[in-house]
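Before anything else, here is the set of structures, which you'll find just below.
Each of the next two complexes has chain A plus one more chain, namely chain B in the first and chain C in the second.
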Partner chain A sequence: MGSPLALAPLLAVTAGALAVLLLEAFLRKKDSEAPAALTVAALLTAGFFTVLSWGEPGLGAFGGRLVLDPLARFLIVIFVALGVFVALMGLKYAARMGLALGPFCGLLLLAVAGLMIMVSTGDWLVVFLGLEVLSVSSYALTGLRLRDRTSSEAAAKYFLMGSFAAAFFVFGLALVFGTSGRLELGSGVPGAAALAGLGLIVSALFFKIAVAPFHMWAPDVYEGAPTPVTVFLTIAPKAAGLAVLLRALSPILRAEGAAAVLSPALSAAAVLTMFAGNLAALRQTSLKRLLAYSSIAHSGYLLVAVVARDAAGLVFYAAVYLFMNAGAFGVLIALSGRGFERTSLDDIAGLGRRKPWLAAPLAIFLLSLAGFPPTAGFLAKFYVFGAAVREGHIALTVAAVLASLVSVAYYLKVIVAMYMREGEAEQEPWLEEPALYLVVFLCLFGVVELGLWPGNLLTIIRQALPGFF
Partner chain B sequence: MAWAVFIVLSVLCVGAVAAMIVSRNQAHNALFLVLAFASLGGLFGLLDAPFAAAVQVLVYAGAIMVLFLFAIMMFNLRRPAPREKKTLRAALAAGLGTVLFVELVLAARKALAGSVPTGAPGGIEGLGRLLFTDYLYAFEITSLLILAALVGALALAGKKEDA
Partner chain C sequence: MSAFASALPLVSLVTFLPLAGAVLLVFIRGESLKAVRAAALAVSLLTFALSLFLFFGFDGASGLPEFVERASWLGRGLDYHVGVDGLSLFLVLLAAFLTPIALLSSWRAVGDRVKEFSVFMLLLETGMIGVFVSLNLFLFYVFWEAMLIPMYFLIGIWGGPRRVYATMKFVLFTMFGSLLMLVGVFVLHAAHHQATGGYSLAIADLAGLALSPALQTWLFLGFGLAFAIKVPLFPLHTWLPDAHVEAPTAASVLLAAVLLKMGAYGFLRLGLPLFPLAAASFAPALSVLAAVGIVYGGLMALIQKDMKSLVAYSSVSHMGLVMLAVFSLNFEATEGAIYQMLNHGLSTGALFLCVGILYERTHTRKIADHGGAAARMPVFAGIFLVVMLSSAGLPGLNGFAGEILCFFGVFAANKALAAVSVTTVILSAAYLLWLYRRVLLGPLKDPGDPRLRDLDKRELAYLVPIIVLIVFMGLFPGVFLRKLDASVSRYLDAVKTPAAATLGLAPAPERGQTAENRAELER
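The block that comes next holds the complex of A and B.
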């Protein structure tokens, strides 16, 4: 055993999940909001313990299988914020769409626990177990709209494809362990068999991150899932998977031998992902599907940070992406009605006149996703691409900038539809969802604040992650 | 004595698998598979691998196959599966079977030559010790994984409240 503080955040979230699930049995009122309150409390407790351990360089337990180092702490804080956002977004959405709030919150907490396990370890076996806890919870979350065909279809697709990825991962683990006898992240790759094993593991992670050519499942799943779950799926597995890739691959990328194979392969995957996501997004007429493709493109930009071995850039980009993506989907949730969602471009035509206080934040989130200054999205891309140039990946950076230019077209298409097209004149009533508007406001604040004054967060990140430069 | 047991178990195992493939009644298929798994468990026991033997019988022959039988009964598959054209599939299966057979022969020859190192000694005792010391964290996460699967299955199979 090591320090008990290392285990505290995970224990808080797990205990919260058990409490939420037990609460189901004792609740009289069916539409009680107690599970969401308990979820937020458990997540904040986990965040508190994480911040409490901030001063210590790195806490470990169980012989390196649990490592709470600065990178893990940053990501846990991001996951806690994401979990709180998703729980608040789902609060009223669950009632409107016929989701059971108890299982929704319980599965959400279990998924967050899986994320924490994944990012705070130095052992492939534990990464795999954490990934599976995350995946199994995500499959169920995706299908929670029981009466909706697309939701069930998305869950079935996600489950089948995810099982393939899990099989890839285990097979890769067997090859790595069989040839080297070790399961530490970032241990070298002696020989072709171990390299093949590592390739299998990386493809399985690519699958979870939705990196091309393993991204085919993503648009259908993101579109079919309940929108708060889509927020979770477009952010959490990407950040966690890329952090694992960074941990595992940066020692290998620094060495000479394997880097010659690995670095071009990762760059090619990043370029392919950016263009696959952006070009497909150009043709979409549903805003939810458009944002799904946009999130595939963003996995490509984030992968650039891994190629450049830029941990600080990755953490900053993930934090900014959390705000802008959650905000954009939050506005989509605010537009939905009882039992249905309004996601097509025709639905939001003229939104700028009908609901200016929803249209303006959405426009800012979209501009940030496209990477316009002075929003945070611009700085996030700027730091990541800058790190890539410093590391000498000029061609990759040029491709990434070109892909961002392509993406501007479809983000602006949405803004044009909101402000320059006439929509139907009927005035829908505002939804009474203070929690949802709070989330949208916090996201807006994050996007603008990090865009104008990024210094505070950047200083904290760079002080905590000096070893990764 | 051991030889006699080995011959009996092997014949049972191979025979059960062959019967499972030939038989066209789904319930019989499942029962033959249970027999094959059980005799395979016995073979593991003969190889001084009591843990593998117990897991084989408990998990495969016990839990998984009972689930299969339940599913077959629930779907009420009384009629046997119809005959299908299977020239292409048979050719493919034969090809893959040959590859697998060659692989097994090669592996067995290497194993008989004694070049494959054996695992850490200690058998079931060592396994238990590892599970509750070095791999305690991973072992506990597995329980979380099973919990997630259980909750997810219940949530998805739960009653559909009418709107």
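The block that comes next holds the complex of A and C.
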């Protein structure tokens, strides 16, 4: 059976999910906040058990099918933080938009369980298991605004495309297993059939991560989903999928033969993704859709970390991206009204005057997303791109910084709208959402703290992930 | 004095006091404009007072950085490492001197969102000073980029009608260069690790790397582009007139006086000493661009109809001379370039202030709308005259001392370009005197205009210190140049020795042992 500690985080989250869904049946009050409280408790328990096992190099369960190694632990902590943020953001949002809080929280926990399975295994079959748990919950989460057409359309689109991706994955798996007889991540690819199988699996993961040219679904889904779900979708599947890619591909990228094909292909996908996301974002007039395209571009930057085989950079970037992206969407949620969202650039015109205490954090999140020092977004890019140069991918890095330049234009466009244009003078009241403001504040703290004094986190990451390769 | 100076982290205080002031301002109530303005001014004056301790405490005999502070920050060579040497000392002083002046000049011009304005001005001051005091390349880059943010807001919120276009152009132009420089930073970090096995981005350590000529060429192109855009060197100057015309006066002053110097400073601090071989091979071409900029900027200034864009193009011309002197790579030219940077900072800053004063009264910057203002504003006319003559390089004022050094140095390096560069004297006299005649002399354009009153006490308070300094720096350049000598000699050694060694002109035994590293890097 292995160490019980290895399973404890997963069990905590799964038990929490079942409890939340059962609780729904017994709750009298429709607008009770108990599911969210239970969700946060379950996630924090999982986080506690993860941190508890920090000193151990790697804990296994199920005969090594599930392994809690340093990379898995970092990502689980990130997922826990993300889950807590999303639950807190959704608390009042659910009431305002007519979402059922119980299913929202239950599905969220199940999705987090799927993420945990994905990142803490070295076996393709288990990855698929986690991926499907994640995907099915994500489809349902996307369509949770039942009376909203865009939400349902997004869910249908996500489901259809996601099913294709799952089919790709399984077929690729069959090819790999059929030719090599092995299911471990990172095992070599003998022959063309296995390489094709690996290619199919990678495409399926690219779909989940929203890497071009498999990203077409992403803007519609991110825009149609309820905003707290968008926060989840723009961060979690990316981080998990990239971690799987890193585990699977870094041994192959180091080997001589396959790397000659794989490395340029990954680099090309990264460049394509960055430019596809950034160029499309330039033309957006809805902030939500703009951030959706921006998150595609960030998939590209994160993919650079995979090309550079930089696990530490990937973890740091994912942590920073969690704060800046969740923060930006958090401000967007704080702007929404009862039953509708305010997402267009016209809605936020003059926000710097109307609501300076929301506009200033959003400006800082956007500057961080654009990669301006001294915010954390700069350091994240600095470490990932620096690793790429160290590995000799200079052309890729030049393309990446030029893509960042394009992104500066649209992030600043939002700031122009907030501070350099005048909006209608009408004063909307502040929303009574302490939980949401807490999340925005925590994100702001994270973006500033990790930009100026990331020393502690960097030390922990460097200690935990030195011998990853 | 020196005991006091050594007991305090003076450089950090000067750098971060404005930042602390900005944070403080965020939390005081913005309704009382008086309190906000007074607080911002007090912080910037205190910063200037502290920077004077740097000036008087600076020894300058060794040519090495003084007041050095070093602390580990992010690890792997990304350290906090600051100090001042002859190249940077006066630029720090210039930024600290002009920020209170710019703040004071904005008291009437900026009436909207005064608190935010003051916060961004103080953040800008920290950014500017930080660039000059950084001795670590990473820290330098952080300040270099971070400083864009306050300038972006200053132009974009308080600027003229086309402010959004101008500010986006400013940011995107500057970032294009600096992002390529960032790739260069990564390459240097990796090269240093390969050569020594350790991690460092200290500029002094990087200068010790013997990089291959090919690598130097690529890196020089990356760094040089960033600096050339900032200077701006012809033909990369197109963002400058837009930014200047749209920026509020206070931002224009700092943009012209300090931000443009960062480009030239970047060449002096990084571009030339880190990549001496590439610098030597690119210097002739860049000198020609600089000389073209001198003539082009001067001619463009002649035909401008807007006072601000006239001053902006005069900056292109004057910075061309500074860059020509920098690329001449000899002692006189380098000292002249540094001195001329300060002179240009003072005189162009003051020119923008004067234009701002006229604009506040008449609400037009069109030259054709003005005329004969001297009759109603005699004190202003006198001050404008001194500023203008300083900018045109009249002997006895500061501009002359710097220009003559530049000309001597450039002449020693290249006689043809020296001949071209001397036209700046004629051109700047022409466009400035003509501007003066059209705006201040002649019959009064609108005799009934009640707004044309002479300078008040506040305006005198920020113009007179500049005038005093303009005269003082013209009469006693030795006071300043003395502090530069040793640093400039060291700098020139770093730039010229490797180039000479490669050409076989001088023996350089200590470079021989690095041949292995070089071969390794080339692979």
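By definition in this document, the second predicted complex is superposed on the first by the 468 of 469 C-alpha atoms of A that agree within 3 Å, B and C clash if a C-alpha of one lies under 4 Å from a C-alpha of the other, contacts with A are read in each partner's own complex, and residues count from 1 in each chain.
FYI, a contact is a pair of C-beta atoms (placed from the backbone, for glycine too) under 8 Å apart; a residue touches a chain by one contact, two chains touch by 3 or more.
In this text the structure is predicted, and so the values were computed from the model without any measurement.
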Practice item. Give one word, clash or fit, describing how chain B and chain C relate on chain A after superposing. Key: fit
Review point. If you stack the two complexes on chain A, which partner ends up touching A:G386: first (chain B), second (chain C), both, or neither?
Key: second
Exercise for review: Between the centres of chain B and chain C, viewed from chain A's Cα centre, what angle do you get? Round it to the nearest 10 degrees, please.
Suggested key: 150
Exercise for review: Figure out whether A:K29 sits in contact with chain B (first) or chain C (second), or with both, or with neither.
Suggested key: neither
Exercise for review: With the two complexes superposed on chain A, say which partner A:L367 touches: chain B (first), chain C (second), both, or neither.
Suggested key: second
Review point. Touching A:A140 in the superposition: chain B (first), chain C (second), both, neither?
Key: first
Review point. Counting only touches as set out at the top, which of chain B and chain C does A:L66 meet: first, second, both, neither?
Key: first
Check your understanding: Between chain B and chain C, what is the shortest CA distance in the superposition, whole Å?
Key -> 41
Exercise for review: Under the contact definition given at the top, report the residues of chain A touching chain B in one complex and chain C in the other.
Suggested key: none
Review point. For chain C, which residues count as touching chain A in their complex?
Key: 73-75, 113, 141-143, 145-146, 148-149, 152-153, 156-157, 163-164, 167-168, 171-172, 175-176, 179-180, 182-183, 186-187, 189-190, 193
Exercise for review: Could you pull out which chain A residues touch chain B in their complex?
Suggested key: 14, 17, 21, 61-63, 65-66, 98, 100, 103, 106-107, 110-111, 113-114, 117, 123, 125-126, 129-130, 132-133, 136-137, 139-141, 143-144, 146-147, 155, 339
Check your understanding: Any idea which chain B residues touch chain A in the complex?
Key -> 134-138, 141-142, 144-145, 147-149, 151-156, 158, 160-161, 163
**Study point:** Residues of chain A that touch chain C when the two form their complex
**Key:** 353, 367, 372-374, 378-379, 382, 385-386, 388-390, 394, 397-398, 401-402, 404-405, 408-409, 412, 415-416, 419-420, 454-455, 458-459, 462
